[in-house]
Structures are given as structure tokens and as C-alpha cells.
Amino acid sequence: MIRVGVIGASGYMGGEVVRVLLNHPGVELAWVTSRTPGPIENYHPDLYGQGIELIRSDDISPDDIAVCEVVFMALPTSACLQIAPRLLEAGCRVIDLGAAFRLDSQPVWERIYAQPHTQWPLAEEAVYGISELHLEDIRQARLIANPGCFSSAAILGLAPLLTQGLVDSRSLVVNGLSGTAGMGAELSRAAHHPEIGNNLLPYNVVDHRHTYEMEQELSRLVSDEVYVHFTPIYVPITRGILNICHAFSLESVSRKNLLALYSDFYEGHPFIRIYDLPEDKNEAWQYRAYPWVSTVTGTNYCYIGLDVDEKRNRVVVFSVLDSLGKGGARVGVENMNLLFGLERSSGLQQTGCHPN
Amino acid sequence: MIRVGVIGASGYMGGEVVRVLLNHPGVELAWVTSRTPGPIENYHPDLYGQGIELIRSDDISPDDIAVCEVVFMALPTSACLQIAPRLLEAGCRVIDLGAAFRLDSQPVWERIYAQPHTQWPLAEEAVYGISELHLEDIRQARLIANPGCFSSAAILGLAPLLTQGLVDSRSLVVNGLSGTAGMGAELSRAAHHPEIGNNLLPYNVVDHRHTYEMEQELSRLVSDEVYVHFTPIYVPITRGILNICHAFSLESVSRKNLLALYSDFYEGHPFIRIYDLPEDKNEAWQYRAYPWVSTVTGTNYCYIGLDVDEKRNRVVVFSVLDSLGKGGARVGVENMNLLFGLERSSGLQQTGCHPN
Amino acid sequence: MIRVGVIGASGYMGGEVVRVLLNHPGVELAWVTSRTPGPIENYHPDLYGQGIELIRSDDISPDDIAVCEVVFMALPTSACLQIAPRLLEAGCRVIDLGAAFRLDSQPVWERIYAQPHTQWPLAEEAVYGISELHLEDIRQARLIANPGCFSSAAILGLAPLLTQGLVDSRSLVVNGLSGTAGMGAELSRAAHHPEIGNNLLPYNVVDHRHTYEMEQELSRLVSDEVYVHFTPIYVPITRGILNICHAFSLESVSRKNLLALYSDFYEGHPFIRIYDLPEDKNEAWQYRAYPWVSTVTGTNYCYIGLDVDEKRNRVVVFSVLDSLGKGGARVGVENMNLLFGLERSSGLQQTGCHPN
Amino acid sequence: MIRVGVIGASGYMGGEVVRVLLNHPGVELAWVTSRTPGPIENYHPDLYGQGIELIRSDDISPDDIAVCEVVFMALPTSACLQIAPRLLEAGCRVIDLGAAFRLDSQPVWERIYAQPHTQWPLAEEAVYGISELHLEDIRQARLIANPGCFSSAAILGLAPLLTQGLVDSRSLVVNGLSGTAGMGAELSRAAHHPEIGNNLLPYNVVDHRHTYEMEQELSRLVSDEVYVHFTPIYVPITRGILNICHAFSLESVSRKNLLALYSDFYEGHPFIRIYDLPEDKNEAWQYRAYPWVSTVTGTNYCYIGLDVDEKRNRVVVFSVLDSLGKGGARVGVENMNLLFGLERSSGLQQTGCHPN
């Protein structure tokens, strides 16, 4: 049994890690922390009766750390910078669900996160945790930088296209529609139900931080600079992300060929499903032809679908995932499984639940 | 492996049975039917890639029936009356997710369902499928009448109170708030998003059919007639039911004592959770003190919580469940498990997923 | 032109007063205050471009007060107790949208609001602002205590029944379903979209403060004590309240006769609509037979509908209103119109907007 | 008083025309039709008690037509092609809320609407009803082709940019997020609440019909071909559209200058509001910096806001309107006002209602 610690479980991300690990056959929860101690159901009512007491984050002792083989951090960035070295020195593997170690340029990181990065060697060591692109590196990592939710959806959605050089890499346009759980458990004006419940909220609409993760990972796949023109919008669903990715094709492509390309690209990766509902006469088909975000909430799946405007040379790719699932906590567990040689889908078999 | 057939899987109820059985370790799906054949993802996109082809309900042959040990029926009432005898004669056990066999008075049934009941002996034989009240009968049954969703929530919520004779049995008031999945997959004006999406819809507000199930089951627990004053309202959530049950107490009762009574009553029943969050100073407590319907969606759990107005002698009980879970398809699988001596929670371990 | 001041316009209630007064032909806005100064669109984006600058509440001078004939207070209770005397002494009429002056028992008020009431003579002077019951008193008032939103809906819904002595006054059960705007603009856990967006939240489920307003006003109509068994639930709609009021009838009553009684009772009151959609064969009828809360959002209307369970002697009354409309800010303007002899519906002609 | 007929008022578009005209001081409703006769509240409960009886569309006589000066058509395309000539021959002006007369290429129209166009001379005569671009033509028109909802939002959002030649006209990317009222009152799988209530639905994601309106109108403003890469998504709000328009700038531009350009472009047009909330330190600012669709529901306003990614040379423009307001019925009334020399905003003063 792998012994695991979770730091920061009052939030949605840390709570989801606990939820998954409780049903994981190869794992034992050593301890779970929060800023304020108490029963976990104070924050996550669905975990009522599980008998989990949160301990204060500040009370973790070296002994606590020593019993763990791996620790998940679901914390603000600055706290991660402080705690990660302690965990690594004690011999733990670390999976950071935050943004502290995702980028490979220190000046860029410091500008967009508006603080000095005090642990840059760790950032250089960290592996960016998209298993479909960095499988072997993840298996060997000490420190995994779990990707941002929008980033995961965009990178998974666009990687096959870019690898093949089929589209212009400077004019990728991505609209990210996010459910409100993506804003986290901290109260905020934007998540106040009267204001968002029947409304749509654009925010950080140019130069969003996740843009840099997308550009970094996608530019590794091409021999050219990549520009992602990314705009997120909060929408009144509770969980999940739909990324709508537009790319201008450099040569003639067809829906059918691209779907085959995507299926090949992700072959052997169990959590990517290329969604290719065969066209039929059913009146409902046009609404079922593309992936539904409701299909992946509560799961570690990413569904990808697409279409082609042959007249105007545009490809549109839809990728859906749960920001707490394949876009966050669950993919963290997938990475943990890889790290310890467990079955990749252990604890992650949960499928969707239509209608939802 | 128990071989199972499912009749009527284009709807939400039948789809949920298939979803659960696919992850059930003791079961093999023999066949699944629908009015219109085709891949099951035409109706349930989360089952994409599972390779399940629906066959036409009319094409089930005697041989198809013969291979099954149990068949789930998720059909309109009149179709159930026709098919159930064929299934039983062929030696199958039958779990009816509809309303054909729930009541024990033929005149009442015929009046409220506005049709003759052509198989009354089967109605008399059928066991009403609330395992917490009829555990042994379910284990021996040939034909199980799965309860209505509102009925389950109300009966489970009120049974302990009535058994102890603590409340007036003639003035029980129940408001049932239901998500729209409770209306089923058939298109309807009431489920049209522009009209219900930011609205609340009372319907069948007096003498609703489920009232008779509630009165029938609760009157078995007391030595007196029971009147349930039931009014349902559709609310813009997708899944789940919150029943708010008001009872006038005949003697002085306290929240603490009633919670203890409920815990005793349901001891040993794994899918009932008595929700008793200890009062604390946390500002969020008043909103977390009672069960949340979002906690049980996609599960077979029923959470029950309550409070007492000591000044006015009222008890208010909250019971939440998923109309496709403990209020429908999943409880059908629980009953199947009991019927075949499987572990009661086999295939039903799915827990909640906060926030949801 | 009546000159009006509004104290506390960063919240939803004060914002709605401003919104209505801007389109009121007989009124001139003298000044509008907030804790934090700035353009009103910082709080109410629909008022963008109207040129309204909020001044700090603490900066209102005696001169500011002197120019006004009436002031609306949309403030916490303790602030109202402090400011109201200053306004009245300066000769202003005062419309309090809060709870400071609604009850006629000082001990009850002090217990449920958990503070001493420092201005009890004003509470005794204040007129409870339901125009359908206190029309003449409102016309003469110096200080109007605007009713609570749930209270308005329950009192308007039950008054005709109680006046006629048709129902048991000790066992009135009211479930109040409220949209989240009813929680106000202050951030709160219960209004956090991830938690309420697909969920239902019971809170303060026994002995809610509004219960006392309901009992106070309804007991004036009967020669007996009244018990209202009130339980509110927050539901994921943005605006509006649906009260479901159950009453046990003492004699045989019919839907038709009760609807006639209600129509008579509210004759001449333009903002009450008795909703009596004639039964027809239309399949959609059962969902349209009762009032819809979406019909009254953004308006000063209260729709009332009802039905009778003749077998079990129960009457169920549905009353819908907008907590910022007939349950709050707009009814405050209606009371202002009565106070100054303006046309009762001046500024309040706004009708519903289906679908909404 | 202008006498007006409305054909097709059981749907949302026709219902909204009636709702607006009932409060229009210069108009008299001559008759209102529907496929099925009956009181209008059968379809629009907020119009309860207005005494409007729908007559059967097939029963309109030449005399009915003769009394009207203008008729609104809210009908399927093929019905419009049949009825429009009868109305025009009788001397009525016609405002078509549908798609029959919007395009200026017959082959394109016949391909994308999949039917022959039997009245092409009328299509050539019709004026495309965006008053900000075709003010004088609308004043002189006999037949007005009211624009599509997505088209209005995109054209209004992009026109100033294109007129100035600031952006590449071949790579305009538009994501249209639409509330479900945009699907109309006809029941459909995509509007079934259990499936859309907590979900996002891409549909017709390339070569959507409205694309051709956008390209036609925008290409009139530039000396070059225009490609609009348009993808719509249904989102679970009830009313309103947010168009997110991306354009690649050909030269360096700034947010401030573009906002000034937009303000100049729409000067004198009362229903366009350029939303330029000054940046401040308020934590909520980032969510309030762009237009909110909830601000325009139920109104004839279009709010436009924008931002610039100076690093990547992208402009992102947000335009919001109500598909039944400035994107449909209300703009039809605005066009009627222009046609008859009434005040342009007559009957259209309704402003937003935050929170909503």
C-alpha cells in the first residue's frame, strides 16, 4: 500500500483527491490537512461518515512526512514553493496540483504569477503531468507539475493537429467554457449564484496564465513558435470544461481523416476517447455529434471530437474534461499510479452518469 | 454470473440499469432492448464505446428470455402488464421499475392509472421493493414492484416516526422537489429548458399517484389510517429528489432523540445515512446541517436529516435520493442482489461527488 | 416631483429601488449611498451609463436629508435603528426595506434578532407595508416597515382563507422556495454557484424569523391564535419566490369557490392576480395550471393559484412574487406612491417576460 | 395609432412582439394568430389576464389584412414565402422575423435552406433590418428582413473594426453562446432540461446558416471578401446571446483607441452601449470589465466590450443581446418605429434587471 498525504483538502481540488484515494485499492491515506481542522464533511458533505479528520496544515511534522511515499499539494502557489523542498528532502514524491512548477521560463513565470520564484531548480526538474505526452518522464519523476485545467483540454485537443503540421500554429484560437467549480471553493463575486446563475462571464480574456502552458507544450511538438489566442468564459454549469479550439488548415483535410489521426495519436491511452458518432438520420444527431461535458464530470476521461469547414479551411476541435478530473485531481492520481508502477486506471474507473 | 435482460433502455431509468450492471462484478448483460434499435450511445452518450447494441423490444424471442435469470422492465405500465407474465412463465425473476404492481387495491389502481388491471394476481404476489421494510420478502420474490421515487423518499423519511406513534398520521404534509430527470427522456413542455431553466413548476399538486404508495406503506406501520398530503414541484436541477416531510408531534420530542431513533431504525441498512452534522460555530453550518441532494446524485444512497420546532410541535424531515438511484434503477439492482444472494452493495459502491 | 434618497444601494434591494425610481415619472433621485463610493455600475452593471455616483453612507449631511421628502433604507437592522430617527426628525417619510420595525412584540423581536431594540416607539408607530391589508394606514404613515419576502407571499396567499374561517389556523404549513437573489449581494457559502447550482438548500427550517410576521398578520384576521409551520429552501433560480401553503379545511370547499373568494378578496388591488387557467385538453395544461415564478420576476405582481384535495380536506395555495419586487423594493415604491397620493402603479407597470 | 397584425404568436418570437406592442403607446393590436386558437396565456403565462384570443392563422381574411398597416411574421420560412406576397399586395408593410428574405444570393439561400425560393424579387427588395447600418433604407422599406440573432451580435460587434480595415477579414472567428430560448418553443432533444441543464451543446458547428448573413453584411463594409468562422454553442441560460469575436489585427491597436472608435461608430444609435468600465482596484473588476448577457435580457440593447492582446495581435470583442430583443422581436419593433416615423425607442425603454 502506498502511503499518501494530502495538503489542502478544504478546497475542491484536495477534496477530490481524497474522494478518489478513498476508493483506490493500492493506497492508504496517511493524513489530510486543511487550514482549519475538523471533520472533512464540514467542506465535502458527500464524505460524511467516512471518519476523516483534517489536521492543520501547519501541524504536519517531519514524522508525518516521513511516513508518506507521496504527497499531493493543493495549495496556493507561494505555499507550494515553501513546502515542496521539505517534502522532497524527506524522500517523498510530490504531485503539485497548483501552478508553481509548470513553466520552463523563469522570467515568464515571475511576470505572470507576479512573484519571485524561489525554487527554480525544482521547476526545471519537474515533469509536466500530461501522461499522453510525457509518459516515461512521469514514471521517473520526483516532482510532477500537474497541468492547468484549460491547458490540459487545449493541449490534448490540439496536439495531433500540430504534430502533423496540418494547421497554422500562429493563429490557434481557443475558447474555454468552464463550470464554476473551476473557480474553487473560495467565495467570489463571479461565483455568486445570483450573478452567474443565468449569465455568462468572460474574464482574463487575453494573456490568461494558462496560455503559456499551452504554448509551451504545443511548441514542443512543432518546429515553430506557437500562438494560442485563448479566452475563457465562466458558464453556469457546476463542473467541467469545454474547450473549443479553432485552427486554420494549411492543406485540405476531412473530418474522417482527422478522426483517424486522433485515434492513432491517442492509441493505448485509456482516458482519451475520440468521439465519432456516425452520422445518421436521427433528429437528435446534430446535438449528439460532438462531445458533451456532462459525460465526463466526475471522471478522468477527456473526450475529443471535431469537425471541418472545408470551404473556409477551418478545423474546430472540441475537448471536454472535468477540471477536478482529467483537468486536475484525478489526473494527479493517474500520475501517481504511473509513478509507482500501479495500474494506470487504478481508482479511476468511474464513468459518466447521463443525464447529469 | 447472473444473466440479465433489460427491456426499455432508451429512457433514463433503463439506461441507468445498464450503466450500473456494466460495472457489476456478478452480472452478465444478455441483451438490452429499445423501441428503436441502434448503439446505446444514441441515447446515453456516456456509454459511448461500450459496444452495446440495442435490439428492438418487439424482437425478444422466447430463447432470449430463456437465457436470463432476471429481467428489468423500464416500460410504460400497459406494456408491463403484457410482458411480465411471459417473463415469469419462462422462469425469470422480474423487477418492474414502473407502476404496474405497486398497489394492493385493484379499484384504487384502476382509478388512478385510468385503465383495467389485467394481471391482478401478479399485483397481489409482487413485493414492494423497499428493502429496509421488506428485506425477507424481497429475497424470496418472483416479481418485485420497484417503488416510485417520491414514494421511496417519503416512506423512508417518515417510517421511523410513524412506527413509534410519535406524530399525527392524518396530517402528514410532504413537498417533493424533483429534478427534471424525474420527468424522463420523453420530451415535454415542463422539461423544456427555456420554461423550467429559471423557474419552478408545481404539477399534479393534489392526489398524485405516488400518494397512494406512501399511504399504503405507512399505514402498515401504524394501527390507523394515514393521510399523506403530497405536493410535488419540478425544480431546475438535473437529478435527484428532496422530500420535505412535515409531521405534527403528539408528544414532546427533540432533534437529538429523533436522530437516535432514526439511526436505530436503519441500523444495518447500508444505503441509509442519518445526517447529523454536529452544530458548530462555522458560518456555513446552517446550510450544511441538512442533507444535500447533490450529495446523492449518481448513487444508491438516501440521506435523512431532520429538525424539530419545539414551540409549534412540528417535526420536519428531509430525505434526499436520486430518482434514478435509490429512487429507481439502482435500488432495482439492490433488490436483484438480495434476490440472488449477492452482496447487497455489489455494483452500488458509487459515492457522491461534491460539488456537483 | 418627489425628491427621494436611497441609503444602501450596493445591495440588490437598494439597487432595485434605484432601478425603479429611474423610470418613475413623479420622482427625482436626490442622492444614493453605499458603504463604498463609486459609479453604481460597479454593483449593478445594467445601470451602466446612467451617471449615478454613489456617495458614502457616512457622508449624508443634514442638508442632504433636508432636501428629501422620503428616504428608502436598505441596510442592516442595527444601522436602521440608528438612522431612522434622524430621518424622521428632519421631516422625511421613511420606508424601511429591512426588518427593524416589522413586529409588534418587543420581546419577540429582541429574541429573534438577538439585539436590543433601541427605538421601540418607532416600531409601534410603523405601518406594516402590505397595501392589500393596510391601505389607509399606509397612506397616512410616517414610517413604513416593508414586509419580508416570504412573509408577503404567505400572508397574501393565506389571508382570504383565514378571513373566512375556512381552515384550521394552527396547522398551516408553508414551504418557501427562494431564488438566490434572496440571499443578497453579500458573498456566502450557500450562494456559491458550485454548491447551489445543481442543488437544493434547506436552511433555518424551523422558527425562521419571517414566521413571526406571518403569524402576526394572519392572527389579526381571525379570532384565534395562528401557527405557521414555515420551512424555506434555496433553489437554483436567480430571482423570485414560490410559497406552497397547505391548509386543512374545516368544511367542504371547492377549487372554483375558493378562486371566486380570492378574486373578491383582492378586487381593486392591481398587483394581485388570481391565476385561474381554465382546465382544457392541452397536454401542457397540468404544468400551466398554477402560477409560475418566472412570470413575476422583475415585476411588482403577486400571482396566486390553488387547488383542493377534496378527499383529504386539504387546500394548497401557490403564491409567487419577486423578493426584489412585490416582496421587497418594488412594493416599497408602491407604498411610496400611496404615501404621496401618486397613482398606485406609477413606475411599476413592468410586466413579466416569458420565457425567463 | 398604427394597426398591427402578428402572425404566429404561440412561439417565443411572436409572443415577444405581442408583449412589446401591448405597452407601445402608438400601436393598436388588430389581431394575433397561432396554429391553434385559444387564449394567449396557453403559451405565454405572463400575458395572463390581457384578454388576447389567438385566432387561427389559416382564418386570416383579406379584411383582416386590410385593416393593418403592418404585419409581423413569426413563422417557418416556407409559410413566409406564401404569405408575404398577400400582405404586401394588400398594402401592408411586412416585418419578417424569419430567414426568408435575408440573403442576396439566391443559389446560396436555396442551398442552405434546402428549398426553392419562390419569391426572389421580394428578397431583392427586402431591407436587412440592422438599423445601425441601414437606417435610411429601413425608413423607406416595404419589407424588412429581420436579422438572425447570432448575425446581429456578430455584425454589430465587428462592423467598426472592419470598416477601419484594422483586422484581417479572412480569419474572423466567432463563438456564439446562446441561451435555450434561442431554440424556440418547439420541443427538442437539445432543449430537454435533463440534458442541457448542466451541460454545453455545440451544434451546426461549421457553415451555420447565420454565417452567410455575417459575411454578406461585413463584406459590404470592406473592399475584400470576408470569412467568418462561426461556431455556436447552447448553454444553460434561458435567454440571451454572448458572441465572442476574435480578429487578428493588421497594425498595433489599443483597447482605449478601439473603445473610442466603437463609441464614434455607434454615436446616435440609442440601443448600442459601448461598455468601458474603467479599470479599478476592486477585486470584482475583472469579472465586470466585459458586458454581461444578463444585463440585456428582456431589452432591445446590445452591449459591446472588447480587449486587445497586444503581444499576439488579437482583438476580442464581446457583444451581448437578447435573441428575442435586439436579436429578434424588439428590434423588429424598432424597425417598425422607423418605418412609421415614430420615436425610435417607443415601446422599447425597458432596461435590464440585475441580478437576473
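Note that the chains take the letters A, B, C and D in the order they are written out, and that residue 1 is the start of every chain.
Everything below uses one rule, namely that a residue touches a chain if its C-beta (ideal position, glycine included) is under 8 Å from a C-beta of that chain, and two chains touch if they have at least 3 such contacts.
Nothing here was measured: the structure is a model prediction, and the numbers come from that model.
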item	value
Joint neighbours of chain B and chain A, given as chain labels	C, D
Counterpart interface for C-D, drawn from A-C, B-C or A-B and sharing over half of its contact pairs	A-B
Contact-richer chain pair [B-D vs A-D]	A-D
Geometric centre distance via CA averages, chain D-chain B, whole Å	45
Distance between the centres, which are taken as Cα means, of chain D and chain A, whole angstrom	38
Two or more partner chains touched - positions in chain C	12, 181, 188-189, 194, 197-198, 236-239, 284, 288, 292, 294, 297, 354-356
Interface residues, chain D side, partner chain C - complex	12, 15, 19, 22-23, 38, 41-42, 44-49, 181, 197-198, 238-239, 273, 275, 277, 280, 282, 284, 288, 291-292, 294-295, 297-298, 303, 349-356
Residues on chain D engaged by chain A in the complex (per definition of touch)	171, 173, 175, 177, 188-190, 194-195, 197-207, 227, 229, 231, 233, 235-238, 242, 244, 246, 248, 283-284, 286-290, 292-294, 297, 307-309, 311-312, 314, 316, 318, 354-356
Of all residues in chain C, those that touch chain A in their complex	12, 179-181, 183, 185, 187-189, 191-194, 196-198, 236-239
